[in-house]
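One chain, chain A, links the two complexes that follow: it is found with chain B in the first and with chain C in the second.
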Partner chain A sequence: MMIKRRAYTILPYRFMRFGKDILLVNEAGEFIFMSENDFVKLRTYQLDIKDETFLNLKNKHIVADTDPTLPIYLLATKYRTKKSYLNDFTALHIFIISLRCNQKCRYCQASSEDETRTDYDMSIKTAKKCVDMVFKSPSPNIKIEFQGGESFLNFETVKFVVQYAKQLNGAYQKNLEFVICTNLLGLNEEILNYLEEHKICVSTSLDGPRNLHDPNRMTRKGTGTYDMVRKNIQIAQDKLGIERVSALMVTTRDNVDKLNDVVAEYINQRFHSIFVRTIHPFGRAVKEKLGYDVETFVKNYKNTLDYIIRLNLDGVSFSEQYATIILKKILTPFATGFVDLQSPAGTGISCAVYGYNGDVFVSDEARMLSKMGDNRFLMGNVHKNKYQEIFNGKVIRETIDNSCVENMPLCSECAFQMYCGADPVRNYSVRGDLIGHRPTSEFHQINYLIIRHLMELIKQNDADIMNIFWSWITNRSIEEIRRSKRG
Partner chain B sequence: MRQLRGIPLNYRNRIKGKISKNPAQTKETKNCILATASIEKKHRGFKAVLCSAAIEDVKANRLKIPIIHSVENIEALSEGDIVSLDMMTGDIIVVYEKNSVHNSILASTDCNCRCIMCPQALVEDSTENLKNNLEIIRLIDKRTTALGITGGEPTLLGDGLIKLLKECRKQLPETQIQILTNGILLKDNEYVRSIARLRIKNLIFCVPLYADTNTEHDFIMQRKGAFDDTIQGLYNLATNRQLVEIRIVVMSLNFKRLTQIAEFIYHNLPFAIHVAFMGMEVEGVARKNVERLWVNPKEYSPYLREAVFYLSQRDMDVSIYNEQLCLLPKRLWDFTCKSISEWKNIYLEQCLECSEKSRCGGFFAAPYEDHKALIHHI
Partner chain C sequence: MIDGNKIVIKIDLAIYARIAALKTCYVFQDKCHTSLEPESESIFKVTLTPKKESLSLPEIEKEFMDELIDQQIRVENDKLFSDIRKMIVEQAFKPISFAELKTKIRK
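What follows is the complex of A and B.
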């Protein structure tokens, strides 16, 4: 029998239909659209190696008509680059500085306690042990984030952590950053001066204009917090600088169809971006039935993304952060630092959460599960365990082993694999196992639909929209992108 | 390189030296070559004298130093220039121009490729160069901002290139050194490492890339495997933390894929600190092949525009070299720069009344006829 020599070899890729066209994505996340006709030719080795379609596929290392050593080397290098967030190990360390809170938000997932319960504060002794643990991480970048409850209520411990971490860093010389998450109700002159002096970034919460913010975010006495937050955001921005103050919102049943109003409020308050976050099925959010179905969320998300794009076209520099993260994954050769959409998941290896009592969890959701009585993701305790036991133990290993989309059912063959990630804690809390079940997973559905939507927009290749996307990705204003030559 | 000519006297070997135009203020006269209107007795201490006036043999002989007289256009020489004198023919070659930002050392006239648009005529033997070049580097003004090391292919010198770079490090610590190399021999990581170990600040490797796929690039380079070797070389440079610039010469064989080339660079070579798209210099080999390489700039400018914006959108530093403003869309003008060495940079008659002449890069000394015909004033 004659063996017919083929003109080229096909290297690994994944594909997905987009209407009449096919999306092909290589192992490093580079993509190309082609007609069904050409796709058939590719599969049956009928492409002409001089043809432009062939050259475009070769550019993406999907085919090779010569020795494939270099394309494989390039793919490997690019794959490593995309996964380079793994190089340094845990960089983000979240300290639950107190469980006490002066608010009682409807969707609170943080299981807050009454203001008087100082026994839920992180003690200086525990904080010291936690900081010691943080500096055992090999990462050259360390970010300590203070969370609560309300972190201002235990500001003495915050001050201790900052001072002690800086003292230790004299020897370690890492890039050390601090962020404090706060509702800003307790902001005063002394705290403000301290934040300025130590260059601590503020991350607050703002759910939209008063009519959307107040029903969700009220004091323990039940009064709205909008006026206070608005005033204090302004004070903080003026003192610390606009870039040092950011805000987060939670999408609930009440504001899901009013996201444009939330965006307008953010612009009014001088923010340059918004992160349209879905609600997490933990804590009070479940009891209060604040959720919505996937279709509702995605429909409104697309709508508000469109609104933000139109604002940019009118000259307002404003971005949506989740879209920016995904666009970065699709369009650039670089890794993103966002811990919640990685493969393997960032749980424990990119981010760790230190509870008020020194318990160490792989994520904040893991801490909430523990509060509900399930210690599945408790890695250990700073008072009882050594670094190796916590960060090289059974819990972190199992969590990571089971969070690689490369070998998870359905994900393993998905064309969006390189743009997506896994959430083992959420899978466990919904389904009882780490791998989860894609057809019924909301996490999966929302990501799939958002990635697909962004891919559609990229496919349309509208010059103005692409300029806006690149302004988000490269963090430059739209004028800067249009102005052409780099200054 | 700029070249002048006169009538030689008194000496027969080659001489190199730094130009002085002010004898009264020159200190190390024995290293200097005086450029003057007419010769005088007190000029005796100089290494050689160049003068514009014609002089008689008898009178000059009494000075007993090398002289080239009847030099035309002697005012083109500036204080601090370095010249090489051919005392057999009277040729004065300016190897370094103090007032230029385009100076370079011709490290080797040999090359391991035969690019079909090479603007040079290659000479395969280049043994005499290293010593000469070391001498030139010693004479160059310490305040020089940039110095190119070109060829031929400089890496063919092997350790010789390292010697050159060491001399640059010693003599010109503040100067930006640009090595123009095809990168093929840099696939040897040990070699790259030995260059990196010199720790020269301001060292940049300018490497050409003519296609986004190997077969097409190799054809232009006339060398099988060139693409794979060059990319490996670039990765070696990057892993050894060396700075890299990518240069793309635009021609009939690649102009339709400029955006794909840009795409390849962004995804595979994002460490490049600068990307330059370059108009072809129709000289040497390129002139022989001009008919099949030539493409009207107006025809390729839409592709060029797309490629340039592809990169600038992605925050990569990108420039256009050797193009004339009247043939480019206005949005690309900011990316152009005056990239042609002064000595061969010319403008056409129609350029004289152009309002943008001062911004325009102009032409290489001998532009292609078809190209000239397209030029118009703005």
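What follows is the complex of A and C.
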């Protein structure tokens, strides 16, 4: 009996059902939707190699009708590009410049200390050691982010870090950036001038209009901070430029159904984007029971995304950052550098956190765990350990080994694998192990549902919505996108 | 088969791989308590007890069977693709040797 030679080779893909259609994603994250009928034909080698479906699959390197070596090489190149963040070992270095804070926020995960407790400040000696450690990183890009407590309360150390890092960088010639996270309450002319002179970006916190912001973000005396924050955001924007000032919000049970009000406030404050962030199960957020269930968050997130899309259709240029990160992962060949959605996780390899006393953690959540008495993710201390001991030690290796979605249960076969990531610290804090339990993990469920929603929108292929998505990804106006499409 | 407040599904191991059945049970752990037992050498018995009363048993049963088919396809895909996947990752992170680089430059 003669065996008929197959007309094509099938190359690796992962799949997921979308109603009557099937989503296929290749090893580099490129995707295609097809009918169930065509899917059966594909698997049983019944597709006609002249058919449009076959050619589309071939274009995505899911089938090959000639020697598959070339598509495999091309997939490898695209895979490398998608994982290019691995070259940036380690780019983001967070300095906990002080644990002191002039606020007492309801959801504080930093477990801040009283303003008088200067013993919780990072000393110049520790800061110097931390900067020395930062410059041992092979990454050509270095971002030093100052966090607290409240960073302005130990501004002398901030100034030292900036000056010393710039001095060292004279020899290293890396792309060096600084960001300061601050509640802006202590902003004054001297600080503002310094931020301008050294091109330091400001990241502040704004939870929405007064009625949503003030109950969450109070001074230690219990008074609201909205008026002061609003005033100082404007001052900082005027001095540093709108693009150099950003804000973050935290979604709590109090504002989860009022996210459109938060968006409106951000637009009033001249921001061009918002990051609708979930609350993390650390610090005071747990005690205050500020959380919500996954369904509630996702339902409201979708509503707000829809609201933002409608604003864009009405001519307001405004984006949602989490959606933008995921859309970039889905629609472009590039990596995003967003440490929370990486495989392996960004913990330690993309981001490291230096405590006020020189302890080095794989993430800020790891530092929180330490504050709660669990040093599971403490990599070492700048005063006691060498770079190799910290960044090539047991803690970072174990964390990375256990955060590759490629071999985690459920994730290993998920079609969204290339767009998603793992959070070993959160898994550990919730379940007690680094791998976690996907079916009941809120991190997994929220990401799955948001990615699926965005995929549904992409599948609909509405020209206006796609133009909005591309404007978010490329940071250009919708009119520019339309013009570039018209050629 | 729906039995009171439980769903009993008998999986024929001549059709489905054991690992496909296990993976399907894993997926349903958010909705159901799951128990597994071999009924015979070729039959795998799964009992699903929904965690919430509001969940529709016929719907869960249907979803489970759909998921089982998908998991079986994934198991078959794994066999088909695992070597190529390794090859892609290996190639992606392969250091370029000096000799290779010289050849590339000449080209």
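The working rule: the second predicted complex is superposed on the first by the 482 of 487 C-alpha atoms of A that agree within 3 Å, B and C clash if a C-alpha of one lies under 4 Å from a C-alpha of the other, contacts with A are read in each partner's own complex, and residues count from 1 in each chain.
Going forward, a contact is a pair of C-beta atoms (placed from the backbone, for glycine too) under 8 Å apart; a residue touches a chain by one contact, two chains touch by 3 or more.
Quick caveat, the model's predicted, so the values are computed rather than measured.
**Student:** Would you sort A:43 into first (chain B), second (chain C), both or neither based on which partner it touches?
**Tutor:** So A:43 only meets chain C here.
**Student:** If we overlay the two complexes on their shared chain A, which of chain B and chain C does A:481 touch? Say first, second, both or neither.
**Tutor:** first
**Student:** Does the superposition put A:12 against chain B (first), chain C (second), both, or neither?
**Tutor:** A:12: touches chain C, not chain B.
**Student:** Just checking: does A:77 make contact with chain B only, chain C only, both, or neither of them? Give me first, second, both or neither.
**Tutor:** A:77 contacts both chain B and chain C.
**Student:** After superposition on the shared chain, which partner residues are touched by A:59: those of chain B (first), chain C (second), both, or neither?
**Tutor:** Touch status of A:59: first partner only.
**Student:** First (chain B), second (chain C), both or neither: which does A:33 touch?
**Tutor:** neither
**Student:** Indicate the residue numbers of chain A shared between its chain B interface and its chain C interface, in ascending order.
**Tutor:** Dual-contact residues (chain A): 73, 77.
**Student:** Which of the residues in chain B come into contact with chain A in the complex?
**Tutor:** Spelled out, the residues of chain B in touch with chain A are 212-216, 227-228, 231-232, 235, 257, 260, 263-264, 266-268, 270, 309, 312-315, 317-318, 331-332, 334-335.
**Student:** Which of the residues in chain C end up touching chain A in this complex?
**Tutor:** My answer: residues 23, 26-30, 66, 70-71, 73-74, 77-78, 80-81, 84-85, 87-89, 91-93.
**Student:** For the complex, which residues does chain A have touching chain B?
**Tutor:** So the residues of chain A in touch with chain B come to 28, 30, 49, 55-56, 58-59, 65-67, 69-70, 73-74, 77-78, 332-334, 466-467, 470, 474, 476, 481, 483-486.
**Student:** Touching residues of chain A toward chain C in the complex: what are they?
**Tutor:** Listed in rising order, the residues are 10-15, 17, 27, 43, 68, 72-73, 75-77, 79-80, 83, 409-410, 413, 437-440, 445.
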